[in-house]
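Below, each structure is written out as structure tokens.
Shared chain: subunit A. Partners: subunit B in the first complex, subunit C in the second.
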Partner chain A sequence: MLRWSLHRIAAGVALVWLVATFTFLLVSLAPGDFATRLTDPRIPPAARARWRRDFGLDRPLPLRYASWLGAAVTGDLGSSWIYKQKVVAMLASVLPNTLLLTSLGLALELGGGVALAIVQLRKPHGTGDRIITLATLAAYALPAFGVALGLIALLSYRLHLFPPSHMLSLEGEMAHGWPRLVDTARHLVLPVAAIGVTGVGAVARYLRGSLLDERTEQYVLAARARGCSQRQALVRHALPNAVLPLITMMGMSLPFLVSGSLVIEVVFSWPGMGQVMYNAALGRDLPLVLGGTIVATVAVVVGNLLADVAYAVADPRVRV
Partner chain B sequence: MIVATTADVTTFNEYQSTQETGELDTIDLLFPALMTEQPDYQLHPPSFAPRLATSWEFSSNNRTLTFHLRPDARWSDGVPVTADDVRFTFQAQKDARVGSLGMEMKDFIRDVEVVDPHTVRFNFTRVYPYQLMDANDGHIVPAHAWGKVPFEKWHTTDFEKILVTGGPFRLAAHTPQQTIILERDPGYWGSPRPNLDRLVLRVVPDMASQLEQLFAGQLNVVQAVSPQEADRVQANRDLNLVEFPSRMWGMVGWNNRLPMFADRRVRKALSLGINRKSLVDTVFRGHATLSAGPVLSSTWAYNRTLPQLSYDPVQAAQLLAQAGWRDSNGDGILDRDGKPFAFDLLYPASNTLRRQMALLIQADLARLGIKVRPIQMEFTSLIARTEAGDFDATIWVWVDATKVDLTSTWSTPSPSQGTNNFIGYSNPDVDRLIAAAREEPDYTRAKVLLDRIQELIVADQPATFLYESKLLVATSRKLRGADFNAAGLFFNVDEWYWGT
Partner chain C sequence: MTSLPRSPRRLRAGVALLATLATGALAGPWFAGSPTAILDPGVAGLLPPGSEKAVVIRRDGTTLAGESLRRSGPDWVITRAGADVTVPGTDAATAGVRRFWLGTDTVGRDVLARLVSGARVSLGVGALALAVALVLGVGAGLLAGWAGGLVDAFLMRLVDALLAVPMLFLLLFLAALFRPSLAVLVLFLGFSSWMGVARLVRGQVLSLKERDFVLAARALGASPWRIAFRHLLPNALTPLAQDAALRLGDLILVEASLSFLGLGVQPPAASWGTMVAEGQEVLANAWWLTLLPTALVAATVISAALAADGLQELARNET
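Right, the complex of A and B next:
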């Protein structure tokens, strides 16, 4: 167990280093740098060359990489070039917002998907099953921004049920305690729904497929023979086995949890990782891009680890 | 009053700003400046109104400029705003460790002397037309608060934590990526004081969402409405649409270094062969005017006698033939020395207006037998390629300063000074005249030189001048008293008020 853990941790660290190095190269080799965008007749052109010196962009690539890595291993990810704030502090301020949004979105995806699949399997290939299959497929095929705009148009502008954007209303930003929580919850409804609606289809499809397979397995039939109801046999016996591919799928979704859905964040003016990382990439804000990438990579590593553990819990044959 | 903005303020310290997100508009509400530049540059260079300075005068040899400051000016923490703050600001602007974008504007100011707490003197190394503008450039920052941070730490300091302001508004709250709430500073010494108690900037990155929220009444002001949406805003009874000339103008920049575009007959043919009037009318739906040359028609420096090239494909074809471009192999595309007349036209991916322009240009030039391949690129990559001279042609947009100085964009590129002349235009006569014009302290005499420069550049057609766009600001009809103009969204924010 200890060896296994050490092995996994070492592999994880190596992966983070590889991804960070690759990102460093990609951003550095991409056309343009942080100073490129200072093209404006109102800004003296000499300022560009000056900024390249100031931010060390005129130094050779290996040198820049070495000094970044040297600082990074000590935990110093530097300061954002655009925002002049510590990268760690910036990410720490936006990451919770994204996590709140995406974890609720994923929970809705998962919960909704499981519920739908179970409903569908009451009568496989019946009318209900077909309608749900069609609906989930359609939702899966829809682009996230389309769903988001549709939800806003209907539930916000037409029916005035939920706010169309932001994490808090102006009153909410001033409030504390319960009113603030309620306000945040109201603002969460539409973006979470937008994530859930588009994702629920995939979960339902996966689960329906594997449940359909498991349903005819002998252990399920045996459970039925022992007098379990159809529903009990499905939920208690077949579901734990059918859920295995889903665990892998969820493990793979962890980077989404962290890096967020850019489209959803932009449409809903949500103050999260997606938006910050997007602007950082466009502005070639190397320290911020690298910081965000590292956080996302760590999430993947942790996600896979959790998926493995979850696998072991769900499937007694797997032992870590 | 809730104003939409596409991006949050990245820093409240102007001298650390990349000036990309329009945050200077916000900074202008929070910090004092010596004077306020007026948007009256149609007939003469802009004049200045008193702000922190009540009056100013030049010495007899014009090398010294003395400002008299308001004795009652205070920072938001009650500390007086004095000549020391002005000198400290100048030191920050000039310091290489601070790396302010406008540093070079202070090149000819030798030093700033404190005469007494309310009198400050700027000493210049030379006499030139924009002394007043260069002295005024940048807001005054608090020496007593920010002087504690050594200049080498400015790059990595979060100035919001030590924010001390001195403007009509002060910062009440800031939720990153969401909201900036400004409130009227009761201790503000300037006049008039704003009518509004609060001014809220709400970050809404998506333009379509901004408009929808304006329609829903959740926003009161949306800057930069796209021309396609103008009719929809105008049709709404609760909204007002204000239109005014911006300082933004667009052109097709031809890479003058390439053999294909080196001949000015060819460049003129391209300008004649693009139906510019129809292009501007189609894309901007009447919210832009045709551009004739390198100087904005809304400024005093514009040469009003410049000829406007009309759409003339026949003359264009003749010019191309004179330059040796003929369809010798009958494939419908002109060629010369066995090479077809074909090039890539670059434009930024995020900009739908410029995509439409690229397609219209492609269609127009196809009729002349020129093959244009429109290519969209991510913005920073596009600039990197033009900066490196690695492009054929690009649809480019400039936002001009009120200082009319054509050096960086139209003088022969100088490696030591840096340049914005990406298209590689070079005409020694133009270089000489530009250098003379920027030295000429008398603007009426400078105007004569500038008129001649514009004639020469237009005759050379290093670029095809396309349009000068107008800015469209949509507001709630209840907002009264606002005078929107190119000087900035909040130019007369003191006079805004809520009507019924």
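Right, the complex of A and C next:
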């Protein structure tokens, strides 16, 4: 167990280092840099040269990499070039926003998917099943931005039920305690719904298929023969088995939890990781890009680890 | 040979829908007008679907749109915002009343024409990216499955590592850095999507290569090349086709998202994703600019998923 843990941790650290190095090279070697990101010809060359000097872009690449890595291993990821703030502090302030949004979205997607699949299997190939099958197919096929804009147009612009963007209104920004919480919750509804609707289709479609297969397995029939109701046999016996591959899927979506549903964050102007990384990539803000990449990679490593552990818990045949 | 079982209904429905969309996209130039012609935004901008306007296009390319049109001798008289404007007959290239079946956008471009030309871009980019992914994935999968050993271990670790990367993020990042042309965008998309194919093909190869017919082919001295394309791939065709159908849907969704964020297809080319991004600014009063391209993306993905479902059913019946 200890050996295994040490091995996994070493592999994880190596992966983070590799990905960060790759990103560093990619950003440094791509055409253009932070000094040329603004194309306005009225910017004097002297100003561009000064940016290069200020951010160390005039130094040779190996030197820049060495000094970044040297600082990074001590936990100092430098300052963002666009926002002029410490990268660590910036990421720490937006990460909770993204986690809040995506964990709720993921919960809705999973819960909704499981519930829909179970309802469908009450009477497979019946009317209800068919309608839900069509609905989940549509949900699966709709692009996230389409769902988001549809929700905004209908529930915000037309019916004025929920705010269309941002995390807090001006009043909410000033408030504390309960009113602030309520304001945040109101702002959460649409983006969470958008994530849920976009994701629920895949989960429900997958679960319906695998539950349909499990339903005729011997152990489910045995449970029925012992007097289990159809519903109980489905939920207590078939579901845990059908859910196993979902665990891997969810482990793979931890990076999604952290890097955020980028499209959703951009459409709803949600102050999260996705939004920050989008601006950082567009602005060629190397320290911020690298910081975000590291956080996302750590999430990948931890996600895979959690998935393995969860697998071992859910399926006694698997030992970690 | 016994008669083949009828192909599943969902497969036929999906393929028929995809074929319809592709035909519409390809035949577009014959039935839809110009996707780039800007028609007098003051009058012909943001027309809802089904609107009719009188349109005069002058020889110098400028346009006039109005409520009604009549002839006055050799000249055209168009009523524009309540006032009559006379266009000398020698100036007018075309004049007539046009119906905009799917409305117009903010600068008065015909939405039907734009959707159709967007379809060419969206479907074309998706299909070509799928081709790239298939070539890479089938190649890597065959190699890993057939060679085994270190090659297999290396390729599969690579696949595992790449599958763990949030692809939309990486693509967005690459697109922001390199501002790709359409061809490079296709390559990026293809390179981001081959891993699943490789895994699938490798699995099929592993299970098929110990079978007697492959052994027989080897004993007869068939080259690995021949075994791969005459014996292994044909037997893996149904699951591969199912995977490809789902992948096509995914690629079209990813391209749409990238283009929506302004990092995919660049103007003057427009895909469905870029059209939604343009429509977003007038979301509150012009639903058709966002709804119609979104619906077309969804329709494409639905038909691909239907085809995949049908193929899965087919695979189940085969075994």
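Following the convention adopted for this analysis, the second predicted complex is superposed on the first by the 314 of 320 C-alpha atoms of A that agree within 3 Å, B and C clash if a C-alpha of one lies under 4 Å from a C-alpha of the other, contacts with A are read in each partner's own complex, and residues count from 1 in each chain.
The working rule: a residue touches a chain if its C-beta (ideal position, glycine included) is under 8 Å from a C-beta of that chain, and two chains touch if they have at least 3 such contacts.
Just so it is clear, the structure is predicted and the values come from calculations on it, not from any experiment.
Asks: Return first, second, both or neither, reflecting whether A:Gly150 touches subunit B, subunit C, both chains, or no partner chain.
Replies: After superposing on A, A:Gly150 lies in contact with subunit C but is clear of subunit B.
Asks: Between subunit B and subunit C, whom does A:Asp54 touch in the aligned arrangement: first, second, both, or neither?
Replies: Only subunit B; A:Asp54 stays clear of subunit C.
Asks: Please indicate which partner A:Leu282 is in contact with in the superposed arrangement: first for subunit B, second for subunit C, both, or neither.
Replies: Both partners, subunit B and subunit C.
Asks: Return first, second, both or neither, reflecting whether A:Pro44 touches subunit B, subunit C, both chains, or no partner chain.
Replies: Only subunit B; A:Pro44 stays clear of subunit C.
Asks: Should A:Gly112 be classified as contacting the first partner (subunit B), the second (subunit C), both, or neither?
Replies: neither
Asks: Name the contact category of A:Pro31: first (subunit B only), second (subunit C only), both, or neither.
Replies: After superposing on A, A:Pro31 lies in contact with both subunit B and subunit C.
Asks: Figure out whether A:Val300 sits in contact with subunit B (first) or subunit C (second), or with both, or with neither.
Replies: In the superposition, A:Val300 contacts subunit C only.
Asks: By residue count, which of the two partners contacts subunit A more extensively, subunit B or subunit C?
Replies: B
Asks: Would you sort A:Val94 into first (subunit B), second (subunit C), both or neither based on which partner it touches?
Replies: So A:Val94 only meets subunit B here.
Asks: Per the contact definition in the header, classify A:Leu15: touching subunit B only (first), subunit C only (second), both, or neither.
Replies: second
Asks: Where on subunit A do subunit B and subunit C both make contact?
Replies: Dual-contact residues (subunit A): 30-31, 149, 152, 157, 266-267, 282, 284.
Asks: Once bound in the complex, which stretches of subunit A touch subunit C?
Replies: 15, 26-27, 30-31, 137-138, 140-146, 149-150, 152-153, 157, 252, 255-256, 259, 262-263, 266-267, 277-278, 281-282, 284, 289, 296, 300, 304
Asks: Spell out the part of subunit C that touches subunit A in their complex, as residue ranges.
Replies: Within the complex, subunit C contacts subunit A at residues 161, 163-166, 168-169, 172-174, 176-178, 249, 253, 256-257, 260-261, 273, 276, 280, 283-284, 287, 290-291, 294-295, 297-302, 305-306.
Asks: Any idea which subunit B residues touch subunit A in the complex?
Replies: 2, 7, 10-11, 13, 16, 18-20, 96, 99, 101-105, 155-159, 173, 175-179, 181, 200, 202-206, 208-209, 212-213, 215-216, 218, 378-381, 383-385, 387, 398-401, 408-409, 417-420
Asks: Can you list the residues on subunit A that touch subunit B in the complex?
Replies: Of all residues in subunit A, those touching subunit B are 30-33, 36-51, 54, 79, 82-86, 93-94, 149, 152, 156-157, 164-168, 170, 173-174, 266-267, 269, 271-272, 275-276, 279, 282-284.
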